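Written out below as structure tokens is the structure these notes cover.
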Amino acid sequence: MSLEEQKQVPENWEPTILAFCCNWCTYAGADLAGLNRMKYPENVRILRVPCSSRVNPQFILRAFQKGVDGVLVAGCHPGDCHYVSGNYFTRRRFLLMQRFLEYNGIDPRRFQARWISGAEAGKFRDTMLQLCEEIKELGPNRKLREVK
Amino acid sequence: MSQMQEELRQKAKELLEKGEVRYIIGWGKGRFHHRPPIFIYQAEDVDKLVWDEYCVANLGKYLLDDKFPEGKIGICVRGCDSRAVVRLVQDKQVKREDVCLIGLPCTGKVDQEGRELVKCRDCMHRNPPVYDIVLGEPVEEKGNPDRFKRVEELEKLSSDEKYEYWSNVFDKCIRCYACRNVCPACNCRECFVDQYRVGWQGKQKNCMQNQIFGLTRAYHIADRCIECGECERVCPVGLPLMELNRKLIKDLNSLFGPYEAGVNPDVKPPLGEYRLEDPEEYM
Amino acid sequence: MRRIGVFVCHCGSNIAATVDVEKVVEAAKTFPGVVYAADNKYTCSEPGQEAIKKAIAEHNLNRVVICSCSPRMHEATFRKTIADAGLNPYLLEIANIREQVSWVHTDKEKATEKAIDLARIAAAKAAKDEELFTSTIPIEKRALVIGGGIAGMQAALDIADAGLQVTLVEKESSIGGKMVMLDKTFPTLDCSACISTPKMVTLSQHPNIELMTYSEVTHVGGYIGNFEVTIKQKAKFVNHDICTGCGLCETKCPAKVTSEFDQGLGKRPAIHKLFAQAVPNKPVIDKNSCLKLTTGKCGICSKICPVGCIDYEDKDKEVTKKFGAIVLATGYELIDWTKLYGEYGGGRYDNIITGLQFERMVNASGPTDGKIVRPSDGKTPKSVLFIKCVGSRDVNKGKSYCSRACCMYTAKHAHQVLEKIPGAKAYVSYMDVRTPGKGYDEFYMRTLEDGAVYVRGRISKIYPEGEKLISLGEDTLSNSNVTLETDLVVLETAMVPNPSAEKTAAMIGVGRDKDGWLQEAHPKLRPVETNTGGVFLAGTCQGPKDIPDTVAQASAAAAKVIGLLYKDELETNPMISKVDPQKCAGCGFCIEVCPYGAIELVDFPDRYQGKKIMRKVAQVNGGLCQGCGACTVSCKPGAIDLLGFTNLQILEEVDALCR
Amino acid sequence: MSECTCHENPLVPQVCVITDIKKETPDVKTFRVSTRDGKKPFTPMPGQLGMFSILPVGEAMFSITAQGEDYLDFAIKKTGQLTDALHEAEIGQEVGLRGPYGNTFPVEDCKGHDLLFIGGGIGLAPVRSFIRYALEHRGDYGDIDIVYGARSPEDLCFKEDLMENWPKEKNTKVHVTVDQDLSGEWKGSVGFVPAYLESLNFSPEGRKVVLCGPPIMIKFCLQTLAKCGFKDSEVITTLEMRMKCGIGKCGRCNIGSKYVCLDGPVFTMEELSHLPNEY
Amino acid sequence: MQFKKSDLPKILDSMAKEATVLAPMKVKGNSKFAPWGTEGELDFGAQNVLLPPKDCLFPQTEKMYRFETDGLKVNDFEVINESRPTVLFGLKGCDMQSILCMDDVFLTKGYVDDFYKKKRDDLLTVCINCTTVAKECFCDSMGGSPNGHAAADIQLYDLGESYQVKAQTEKGQKAVDSWQQYCNKDEGEIKEIACELKVDMDGVPEKLAGMFEHPIWEEISRKCVGCGICTFLCPTCYCFDIDTTKDGAEGTKFRCWDSCMFSEYTRMAGGHNPRPSKKERVRNRFLHKLEYFKERYDKNLCVGCGRCVAKCPVNLDITSFIDQVKEVASHE
């Protein structure tokens, strides 16, 4: 699929965004956003992982391969990790991975990481809004994508 | 160069006769100017050992074929081989006391047509950082001023151009896994590519699967790559793999402090540790 | 073929309002491996769970997917349900279509599509679920309580009364904490010493309690049921086994320094008991102020000591013990208002004191033997101004939270001034009066009746004029400025976490909230537990509170400890990492990233080129591993995998996402 | 040997249905397969194999242990990713099948000889196809002895054949042993097959041996047979584990210049002795 | 029959109208048989084209059939076997010989590989003689010749300015007829050349037959790194693996090149692997190239193209091996 074909966007196209949320903080923050009935777009699918340090950069490559348009990895604030040092490793791995993906032509906004604690429901909702808006503006991702 | 070769043969004979090492890994004569790796068990075979500007292959990884040796293994190490052995010791695949490193300061090697190899042009450690014996005098290190020049050029491209560049590169890959099999950092018992049960990677050869393999392998060895350039040298279709590895090394240095794999045995790879004051972008 | 059953919950209208549940059920039937799908009004209710059990039996399902509320809510419930139906409890996946779908989206069609996606993902993961079994680890039947205030004492006593061994570690030379400094306690005004010192004595004589005062915890290792704690006993320079506590040495000691216990109002000798009724009632030598230890000249106390228990060569001793559970009761400190409130003189004026200093003055065994005096000239003040919320509820200068107990003890202080100094005037500058306890408001009303003047407004500036202190403020009720001329000003300052608790919490891996208080597992549902198994909280270390709440929490923490140590062994979390020895090359990178040190390299017999050899392979300690999964990413070939969240399962989930 | 008749392209299977599943042992099941319209997918000779594919997991070669008017039986042990999925299959599940592949047991030149069948664990499955053939043409063969061993009593495959049907046949003796017996009710012999074989001490005259089982058992049985005087040409075995694509193209099953899929899997030990010792 | 070299592009264009014309080209730094028309320049140089022509007959990844399961049912398999008429232009003698080896494997011995057969029937081979020889070429020692191949449909001889055309099969004759407009009748004088690298092959297969337990294998295989360069660049290596791409309920069965040098190539269910270490694998490859294939199909499976000699990272080179086999006594 040449790059020009990639540019046309079907009209009612909706981005598919995958979010790896750490069970103790961000997933709890997402639940709290639900408790407070905060609204955000439907494009995000949340996968629960015990800790953000469980997310293997290869899952990100797999997501782009299967046609996801944007990936978020979210975990506890450094220092709050339920497993003491999980997010420090996440930070190192994904600071590197983000630059590496950008180097290979993936727009950095398509792959983001955030620290969202169990109490920051507002921040979770804002992250979702910002993510959906950015990915919608970027259009469908055809890079690294498996041609069916 | 031939004077060093005599010294090497002399030292090899001495080690073998005294029984200090059971065998010596070095380079021997092959077809045309090839100097394939050679394994010398008998003292009288030392004349097969060669040391000239065609001794190109990295010997470090052959230690993995004899992980539980009876006696010590002698191995000729240039700068890159020595770093390879240091990395293998750090990965606990080789015990330092099982190996006797014969250090050979190297002034760079050439390919079959006599042109200087890219990997030797970019070499940062011509003198072996770690050795038991060293022959000849240390060569002056010339360093590599434009170590990340090519990487910086690529970084300036737009994201579409970058993707176009890299998908052209990986479209050529024929998945022969030579880059993985010569790389001293790739010492897993079962590579993720061969684990069909978990299904990390498909067996099909198409641009996307090649890219997933290339990127994953580069990321796996991000903090262990000793920049020996063997992957680029052996690749039959000439993929610029070092540009991937150097990008990761450049980022590792800028993000978590300067780090050169395999130079100092006590310094641990950066992705295996953390500091509270690492750069923070995700607040 | 995996036989998967999908149950989609209406949750009354919580889900059904914005998710077309029937459509999700129809879609679920088409997923690979799903043989039965149904919806249910209230899946978590009794009939709901019965329906699941019946379906499991009828269709001999071997995997269950429940689309309902958050797994954080009912994962345990539904695991028990399928366990009752004979299935391994871990063959269950929950799709969160309430908190993360119906409650947060409005467009019904898109919400239903998302719910179907999440159900498909859960079914894909369920297809790869494997049976997991808990294993057991032994429990050390001993508890450790850190902090000897009322919280620590109450917890230690409750645990000890249950027949368990307790070690109470207190960093001061005596237990008692902040409560024993107080004079009276609201609302009953009974004397604080009268209700706390008997507890201290029974504690010191309790056969099950080992009291370690003047000690600090320096290292905590291990895990729930098997903590290894290293405790440093600071050098006391007094041999407590022989010392009779006669107090002779205290009287003769020439080195006088300001007494921390008396909040700087009085002096104390280098060799001192923390306070008169200290438990253990034996002195220690403060090595920073003792002349013999600092300059080498003196030694009077060793000369006059009748039993010769002074030993200047005493060294810090470290002892390591094993414990099954830990209770943190490290208490609070008062905020250092002098750095924050320059407008109140920033500590330059002696007659502006804190609430605790006032307590020490009004306490009979205090430096002023119970008389309220002006620290500057020792005269009895005729008028006293109490200022509340100094540092509390003050986002830009101090802390954002309310310190809960100041309203009540300010009323008590005002009452004591009016009672002890006939004809005195007591002013209280306040923003609100919060009296949330039993008999609290009545106590406040009585103080008003006694004549305390409550001025509704914040004091903006205090400056001395002659002997008096002029406080400028406003009275928002009469909407006018006010100037108060008083002899003494007492600032009721905010409570802040004990600074030494930060180090202790980091050692154990207990988190702290944004203000530095120790982080409880759940503010409403699990206030005395932490996210670290076997570690509990009691008292103000978890947040500002008064004595009744502290004692209630201490008993709650004790109940939790007793509940834990009652069992002989503990079931471990089965969702832990597991190593495949065939793939593991023994590189040891997983060991470096494991925060719990749960992985070690062990010998593994193997054949290599025909020879029998022993090679190193990683192995996970089931009790230590908490299942975070950091090791699975550091292991390049994926030799170590996290049960319940295996690489295969997560890849399947990602694949199912875009189908 | 009969050609594969399922599809004009030899690598593409035909769709068949599992009509019956019988649990032989905790990890071995017999799957009865026939085509969608209830007929026999193909008519194999004893010792031939079929390529069984469970979609979407994968495909593998399995020996046809028995055949009837309208069905084929496969006895399959649970050892890997494909067999795991297979063991979770249900009756009525459609699978892909192609075959038959490989040469057949030498039924012709075994005529007139006494037959000694030796099986170990799942190794009895391929041998059973020859046993059933021999019992159907009972007149052509002399005495039949079946020596079979398994890990434990409940690991014995085809129990009703072993215990009821085969002993009733004319001068057919069945000798069963188990490696170890924890349950205590096992009345037969206990011990490994090679040792048990030695104790039975068969005479080599006019007797052919058909041997199949785990490599370790084959190694020791060969030694025992040599001790009893059996010549290599009399001992027949099958190397079906080496087969992959079935049509001799993928290059994986070569032993020396021979392809197990085409020239095997049934070899006499004499033929194997000429081949490189790499199987 | 001759045509001028300048007319070659026109001829290729004419053929490209109704068939895919593959010619040896340098495309983006990659030397392979690329469809005529992709930008890159023709390369009839001494060094053979790096990627062998086998890719057009036996692609590295070839979809076989698509399937779809719903519940227990499986709907019929949809075989994917479309092929277009192709012209392999500019084949050298050794590559032509490799196609004959592949024909024996895929089209004979009881089973005809339908996928291969369709592509083979659509193929027109145009062979060209070599004007210069790379230092690694040794085809004439293996029964081939740099000066053309008898089995090619059309054989071209390079006469410097023009090509002499010789149709060797009626299919070739039909194609040559369509070139008439560019050809003139005269015959040029064809220069013969020979390879520099010589290897003496006679008696080697027979000697190898008895050398299975010989210590030479341990010695030469020590330096092998076990990668797949030699097998993937070799025009005659035909080993393949069959696998499935799964996408929920449906998927595609495909086959892809596999290398006997990979460690898990002969790993069987239950983990048993008859060739556990490099020694067995290197031994099997050399014996298969030089002895087993000879016994079975009476042809050398090594056509002497020299690709593995050039590209092996550690110069584990079949020619040196053959020399060693000649010297060493067979039963040490």
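We call the chains A, B, C, D and E, going by the order they appear; numbering starts again at 1 in every chain.
We take it that a contact is a pair of C-beta atoms (placed from the backbone, for glycine too) under 8 Å apart; a residue touches a chain by one contact, two chains touch by 3 or more.
Everything numeric here is computed off the predicted structure, so don't read it as measured data.
Common neighbours of chain A and chain B, by the contact definition above: C.
Summarising the inter-chain layout, the chain whose CA centre lies farthest from the centre of chain A is D.
The innermost chain, defined by the distance from its C-alpha mean to the mean of all protein C-alpha atoms, is A.
More contacting C-beta pairs link the chains of B-C than the other of the two pairs C-E and B-C. Centre-to-centre, using mean CA coordinates, chain B is 49 Å away from chain D. Chain centres here are Cα averages; for chain B and chain C they lie 51 Å apart. Rounded to whole angstrom units, the spacing between the C-alpha centres of chain D and chain E is 38. For chain A, the set of residues touching two or more other chains reads 57, 62, 79, 85, 89, 93. The residues of chain B that reach two or more other chains are 190, 192, 196-197, 199-200, 206, 271, listed in rising order. Contacts with at least two other chains are made by residues 1, 593, 609, 634, 647, 651, 655 of chain C. Remark: chain B residues 30-32, 34-39, 57, 61-62, 65, 168, 172, 174-178, 180-182, 190, 194, 196, 199, 202-206, 230, 233-234, 236-238 touch chain E in the complex.
Chain B makes touch with chain C in their complex at residues 67-68, 91-93, 187-192, 195, 197-200, 220, 268-269, 271-273. Across the complex, chain E meets chain C through its residues 69-70, 72, 247-249, 277.
On chain B, the positions that touch chain A within their shared complex are 151, 154-155, 159-167, 192, 200, 206, 208, 211-212, 215-216, 218-219, 222, 247-248, 251-252, 255-256, 270-271, 274-276, 278-283. Residues 28-30, 50-51, 60-61, 135, 219, 222-223, 225-229, 231-233, 241, 243, 245-246, 254, 256-257, 259, 262-264, 278, 309, 311, 313-317, 319-320 of chain E are the ones that touch chain B when the two sit in their complex.
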